[in-house]
Amino acid sequence: MKNQFIMDIRAGDRVDDIFVLSEKILSQKRDGDNFLNVTLSDRTGTIKGVVWDNVEQIATGITSGNFAYVSGSVGDYKGDLQVVIKIMDPIPSDRIDPCDFLPKTPRDIEGMFERLLKRVNSIDTDYLKALIDAFFKDNEFVTKFKTAPAAKKMHHAYVGGLLEHTLSMLSLADKIAGHYGGINRDLLLTGTLLHDIGKIDEFEYQFKIDYSDEGRLLNHIVIGIKMLDDKLSEIRHFPEDQILMLKHMIVSHHGTREFGSPEPPKTIEAVLLNYIDEIDSKVNAIRDFIASEDPDETWTSYHRLLGRHFYKGNKSAYVPRIR
Amino acid sequence: MKNQFIMDIRAGDRVDDIFVLSEKILSQKRDGDNFLNVTLSDRTGTIKGVVWDNVEQIATGITSGNFAYVSGSVGDYKGDLQVVIKIMDPIPSDRIDPCDFLPKTPRDIEGMFERLLKRVNSIDTDYLKALIDAFFKDNEFVTKFKTAPAAKKMHHAYVGGLLEHTLSMLSLADKIAGHYGGINRDLLLTGTLLHDIGKIDEFEYQFKIDYSDEGRLLNHIVIGIKMLDDKLSEIRHFPEDQILMLKHMIVSHHGTREFGSPEPPKTIEAVLLNYIDEIDSKVNAIRDFIASEDPDETWTSYHRLLGRHFYKGNKSAYVPRIR
Amino acid sequence: MKNQFIMDIRAGDRVDDIFVLSEKILSQKRDGDNFLNVTLSDRTGTIKGVVWDNVEQIATGITSGNFAYVSGSVGDYKGDLQVVIKIMDPIPSDRIDPCDFLPKTPRDIEGMFERLLKRVNSIDTDYLKALIDAFFKDNEFVTKFKTAPAAKKMHHAYVGGLLEHTLSMLSLADKIAGHYGGINRDLLLTGTLLHDIGKIDEFEYQFKIDYSDEGRLLNHIVIGIKMLDDKLSEIRHFPEDQILMLKHMIVSHHGTREFGSPEPPKTIEAVLLNYIDEIDSKVNAIRDFIASEDPDETWTSYHRLLGRHFYKGNKSAYVPRIR
Amino acid sequence: MKNQFIMDIRAGDRVDDIFVLSEKILSQKRDGDNFLNVTLSDRTGTIKGVVWDNVEQIATGITSGNFAYVSGSVGDYKGDLQVVIKIMDPIPSDRIDPCDFLPKTPRDIEGMFERLLKRVNSIDTDYLKALIDAFFKDNEFVTKFKTAPAAKKMHHAYVGGLLEHTLSMLSLADKIAGHYGGINRDLLLTGTLLHDIGKIDEFEYQFKIDYSDEGRLLNHIVIGIKMLDDKLSEIRHFPEDQILMLKHMIVSHHGTREFGSPEPPKTIEAVLLNYIDEIDSKVNAIRDFIASEDPDETWTSYHRLLGRHFYKGNKSAYVPRIR
Amino acid sequence: MKNQFIMDIRAGDRVDDIFVLSEKILSQKRDGDNFLNVTLSDRTGTIKGVVWDNVEQIATGITSGNFAYVSGSVGDYKGDLQVVIKIMDPIPSDRIDPCDFLPKTPRDIEGMFERLLKRVNSIDTDYLKALIDAFFKDNEFVTKFKTAPAAKKMHHAYVGGLLEHTLSMLSLADKIAGHYGGINRDLLLTGTLLHDIGKIDEFEYQFKIDYSDEGRLLNHIVIGIKMLDDKLSEIRHFPEDQILMLKHMIVSHHGTREFGSPEPPKTIEAVLLNYIDEIDSKVNAIRDFIASEDPDETWTSYHRLLGRHFYKGNKSAYVPRIR
Amino acid sequence: MKNQFIMDIRAGDRVDDIFVLSEKILSQKRDGDNFLNVTLSDRTGTIKGVVWDNVEQIATGITSGNFAYVSGSVGDYKGDLQVVIKIMDPIPSDRIDPCDFLPKTPRDIEGMFERLLKRVNSIDTDYLKALIDAFFKDNEFVTKFKTAPAAKKMHHAYVGGLLEHTLSMLSLADKIAGHYGGINRDLLLTGTLLHDIGKIDEFEYQFKIDYSDEGRLLNHIVIGIKMLDDKLSEIRHFPEDQILMLKHMIVSHHGTREFGSPEPPKTIEAVLLNYIDEIDSKVNAIRDFIASEDPDETWTSYHRLLGRHFYKGNKSAYVPRIR
């Protein structure tokens, strides 16, 4: 566990902790001597560094992408902070706590998981119960489900993001199932719970969040269908019609072909799932974007993917809260 | 009030009630004599008719679009029902009950309006209260608001549709405002209440639902902004920032320029309003479509505007219900 | 096996064979007596019919969608042929040869299948061989694969169409694999063989071609991936990397999200498969369209889906041929 | 009024005038001493500057965005000009002439306004005359109308741009109204005059051109309709039909929903207004772009928004001229 | 020259003139006798007809598409007019005046051509003069140019339409060239004159307007470039730069690739040509559409290609006029 | 012929050869003395340089875009190579071998041309033979055809690229013509040979590849049609129908209007040509992209135009090969 994080470092501080060496460039001074320009990072940001002494020794002992114990002092260079590094030793990745290097949900993972279990326990259709059990008694699945991010960028792009997103959607789904008549609540909740499970293998999120080979080649929709099929094969007499409707909810949850669903939603439950997903991901994306911006400005900067500035007006700050 | 509706007419029945003469074509028999082919309609459908006798007298006394008292007997002609008409007399439109000729919400209008008032009474921001009062103490507005449809086709396309749609959205908005932190609930509910008010003048819905001149030339967004401005001018010290945010919710509630909003939603409340509108209009459209189709089929026919068939599976019927 | 097909019927003929009763409408003559308007069909087209006598008996004994033995004589009515029907008796569907009622490839199915086997036998990568064996030793699969259509409309929309399409593509794939260096020929051929297997369950094609529930809700891409997974589970040590690349070929073979692939092609083999599929389906669609049009015209009529007329010029007719 | 503008500054010059301090960064020399990197700007461009002495005093006395009296000398640093600043004192904004800091039309504003008045005086429909008077006797409106830009970027993006654009369009509208029969000239000219009035509040253009809150949240179409309504409320007996047609011209002048008009043009006059706006804005945008590019090149660089290079050939230069 | 046109025919009239036999269907009466259902047409519309006597003789002597001398009497059948035909004799097409069968500009062709010559005579650049001469001294070109339509549907879709469209555009081009400085007027007018010349071969318009083979395969842009090249080859020392700019105007006059121009307009003159073409074709299309609709309605019906209804309000009728 | 190429230069080397001076910036040292920052380039890349001595003399003698003999020594500056230049003398462009400065096909141009001749010699339709002769006996055409690139970027963007692309497509076209019956092989091969000939004038490729004026204003489709027309004018009795079909293949070979074809393919041969072009250009683009990327990575970086990463898996390297 790290004690020192990049966002807290100030000019004049001493540096004395583990970082990722994310970039390393060998350069030459005018007198011909070598020196190293480096970039260090952890889950809170990046900082520049420079090595003037023992350059060759340090340069050969460690490559970019590695973890390193770094010792040095912090100054200002052309308006940016810069660490003048004296020591930089490689550290094996098994001695690292990934949470020091990955962004993580601000909420309590175990607490969220308990609330999720409570919500799904209210489902009382037998075979759906059996299906949910098949997933939640699979420890490997549960471990991944608790830590997976919901995206690489855009929304819930942090450890625990998938769980947070799914929990919030379950609560919304329950409210909406109660609002309209004629909705199969148990089906809607089960589909909501499972719609994004493919993401646990779509991403790699050990030390940074990126797509896995499987994620890039198959997409979490196709991965999720396979995971569902594997669990369904363990349950006897699961009604064929319900299998189709559950799978259809996963297949269609992006709403249109343009957004990656091979078929659009063709049942009321699938239509609702698509909207609930839209609301929860957009609200999370916008609130995180607003939170990352200068709190004194009335407007955010331009959000490239959403194609607009957002207005904050004079309202009290947006404090994320899930009930 | 009519006693006899087209959907109930069977071969062998006598016809004896008021209908709209929606089409009238003068034709000639092989022997050179004239006869009339006509179409009659009311809020439940249309039926063909033919006039063999007193053709000239009947033809000149009444033009298509008029209401008519019709007397005759019903037979089958090439597989369709056909009224052989003996009497067809024009009826002035002020002796007509529009509800006989317009589709109407299956729910109780006064009951819905009371529940709407109750919901908006929970808003406790002073100036928003004052604004809502300005609307709901305007009897002309209230009368129109209770009867206006929400659309010509597609969703809530019936008398009382605007009220039904707004009430359902208010309930959803309240649930979602409570789900996420940092939402200005009173603003969201007020924006929801007012987002479609322009529709009371966008449509004409005396005897059939169609666009008004104003509706076709200006769009309900522009009409609604003017109605809001008129009421705002009656309230002193309404905060400028809140005026902008309210108007913005009306301006942006279609979500994108492609769908007719000059600007996309740029506040959390406007983003949520757009999704709530989407959900409620699509759910209503799909359920009405399913209800109008053969209940014995597993699939509906192809929905042209939504671009797909809908699947009904083996579930019990969709009974529309609002809580 | 039928002896008489609709496209050969002429005015003056007697009718005496089995047809599908595709439509049945009870009508009334001016004198009040009932008669039946019907539509009969087989794989070569449709013809109108009328029943003047024994109407009630015939009407109750048989419903639309049933097969019927029909006896009558053919006349002209308003420029169309019309069968005046004397007898119409229901026939159980197990006494029917589906090929009488479904359009079918003009090529020899067994001959095409042998050539397909020969082509795939040239694949000499062990685990791919094992996979292909897993499919071709599964009799249920083989039976369906030989008869499935490749589409409901547009291209290869007939019994045996999937086989014909796959065989033609395999031959093209082999040529193109030899043209460019660096292509994994065995992977390309296997992917081509399997890319559309999901279609055997996407369609129902017993007596007419239509989408199955599974087809409409899941799409043949998702169905095909499941079929591949089932066979892969029977083979030990199948290289993980090759599983991904094979599945990716199925997932991406429509080329873009707009056309239903959740991911676009990201390997050379997947890129080629998409183009080979495009070429073979478009060439088949255009040639069938040209063949169905008036041979004396220089231009075809407008092809709605392809958005153009096609030009035939002075060339000798397009005789479909596969080598 | 400034005497010295950035585009005229050369290496070796002394600087001695007022500028906007658009950026200010505190940095540290290797010896630990602080220095300031700054950017200065006026309506002709930007220049870099550096402060080596009295850094703390200067840094605290003035913040970025302020106006400053700057004194120093100009040198070259890495190929760019750089002001070595000795004095930098804040100047209150009320002592500033905005025209020193905002780009401005090269044409005479009062002269253009007189020609505009002359053109609109030729309108002889009574109620339209009254409407125009209502606007032009409102001094606050006139002042803003004369100075507002027509855009932030792209075309007429300078003080006086709205007037210049409107005047040019009025002249075109008059020519085209005379070309085609059946055009209501007075309506076309009035609609042209008013189509962009909302821009006087859509932008802020005191010291730089940017969108106002109102502009970003409501769009100049909605703002303009409100301004029109306010003036219409002062005129009795304005024909309802003409109100609708005028408002429709504002609502539809962007031509399609994609470009921000809630409704497309549905009258001949609205159709023409849209094209006249298109022509005048594109011609202005292209000519300004060509004028800003190297006059010795046959082609301009790539215009990102218009998506092409423009060709200048061997023609004499494009001298903008309005008749 | 015909004396009797279909739009003037009334029930009770005798028919006695030449028509196109556009459709011919042989039918059978219930008694087994043959009769003929036919459709007749001329430039003013179509009318149904029936032949009860001498059916075989009439049926074999004339095929659909032929001209025919028709004699008979007019009655009403099911609400439509119907000619009971006694005589129908084929007429060779060289005895026909095409203007009886093709819609034609309401304006005087020779008068328009003179005004066009006058306008182009004001061009005083030598080589452009020479180019225009090359076209206008080519009698075959002139004959076609005077009679060609500008389209099959949508705008100026009648004999003389190309000339009318070009003349109107020339006048507009001249006005706009005078409005903006820096326009090469002679180039703009020459480009306008020639932009659509390819249409004289894109269409066939002897007895009805349709695309030619060349038109469908090559498009009038490519055809027009070839015609221009042929004339340019007759003129020595035509400046290369001007050839490029002229050809570019033809190539780019549809504005974007989506509308069929391989390159978008990249000179001011090409940009203007595109807008002038847009204005003139849309104004013509909308006015013709309004003129063809019920004059008593406030709104037109829905225009499918332009995607809207048009509003006519209370204005006096749109009387087309070119100055 | 150069001996020294930029991609081979290492720190410590001496530089002593000809380069393009692609950029030249005059700067000032802190002491006020001038120095020059320059960029040098050849077909293998670019390198930075600096001139400390004789600055004025060197700066005035040579301008950017010129060729220069450069002498100096190579060091490292901030991690990049930098040439400290002592001599930089201008070299006239006629003493330059363009191949030193342009990227070139890795294949043998003469060898490819021979194989192309052999393939087209198999065409035995007389008039097509005559047409091909007309092109290949035109030495100016042949010289350009052998050296032209097929694009500025994206695919075959090097000297000899057009020939390489055309040869590869001819071979594919021959295979596909043999695969499907009813294809006019000679027409398909001739159309393939000629489809891109306009590119020899669409690009300038003396010392770098860029669009010519003609290329930007007319597009290679329009240029190619003109070249074809010129050659067709030399051949008597070329069948009109075949002219149309050949020209149509050039006009439509981009497949849709969006991609620059004024008409889509309307013959089987034109449809095939479009696909063959697509396959060959995409396969070349993807393989070149993969080859230019780090061979140790499983994935390429993101390809901006194709909108995806490409997967290389564990396969042996892609060795380009044409048979």
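Going by the order they are written in, the chains are A, B, C, D, E and F; count residues from 1 in each one.
The criterion applied here is as follows: a residue touches a chain if its C-beta (ideal position, glycine included) is under 8 Å from a C-beta of that chain, and two chains touch if they have at least 3 such contacts.
Fair warning: this is a prediction, and the values are worked out from it, not measured in the lab.
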| item | value |
| --- | --- |
| Any chain that touches chain B and chain A | C, D |
| Chains contacting each of chain A and chain D, listed by label | B, F |
| Graph separation of chain A and chain C (steps between touching chains) | 1 |
| Label of the chain whose CA centroid is most distant from the centroid of chain D | C |
| Of all other chains, the one whose Cα centre sits farthest from chain E | A |
| CA centroid of chain C to CA centroid of chain F, Å | 44 |
| Rounded Å distance, chain A centre to chain E centre (Cα mean) | 62 |
| Sequence positions of chain C contacting 2 or more other chains | 213, 216-217, 244-245, 248, 266, 309, 311 |
| Pairwise chain contacts under the document criterion | A-B, A-C, A-D, A-F, B-C, B-D, B-E, C-E, C-F, D-E, D-F, E-F |
| Interface residues, chain A side, partner chain C - complex | 213-214, 216-219, 221-222, 225-226, 229, 244-245, 247-248, 251, 257-263, 266 |
| In the complex, chain C residues that touch chain E | 11, 75-79, 298-299, 309, 311 |
| Chain D to chain A touching residues, read off their complex | 25-28, 32, 37, 213, 216-217 |
| Residue ranges of chain A in contact with chain B within the complex | 168, 171-172, 175-176, 178-182, 184, 241, 244-245, 248, 264, 266-268, 271-272, 275, 278-279, 282-283, 286-287, 307-323 |
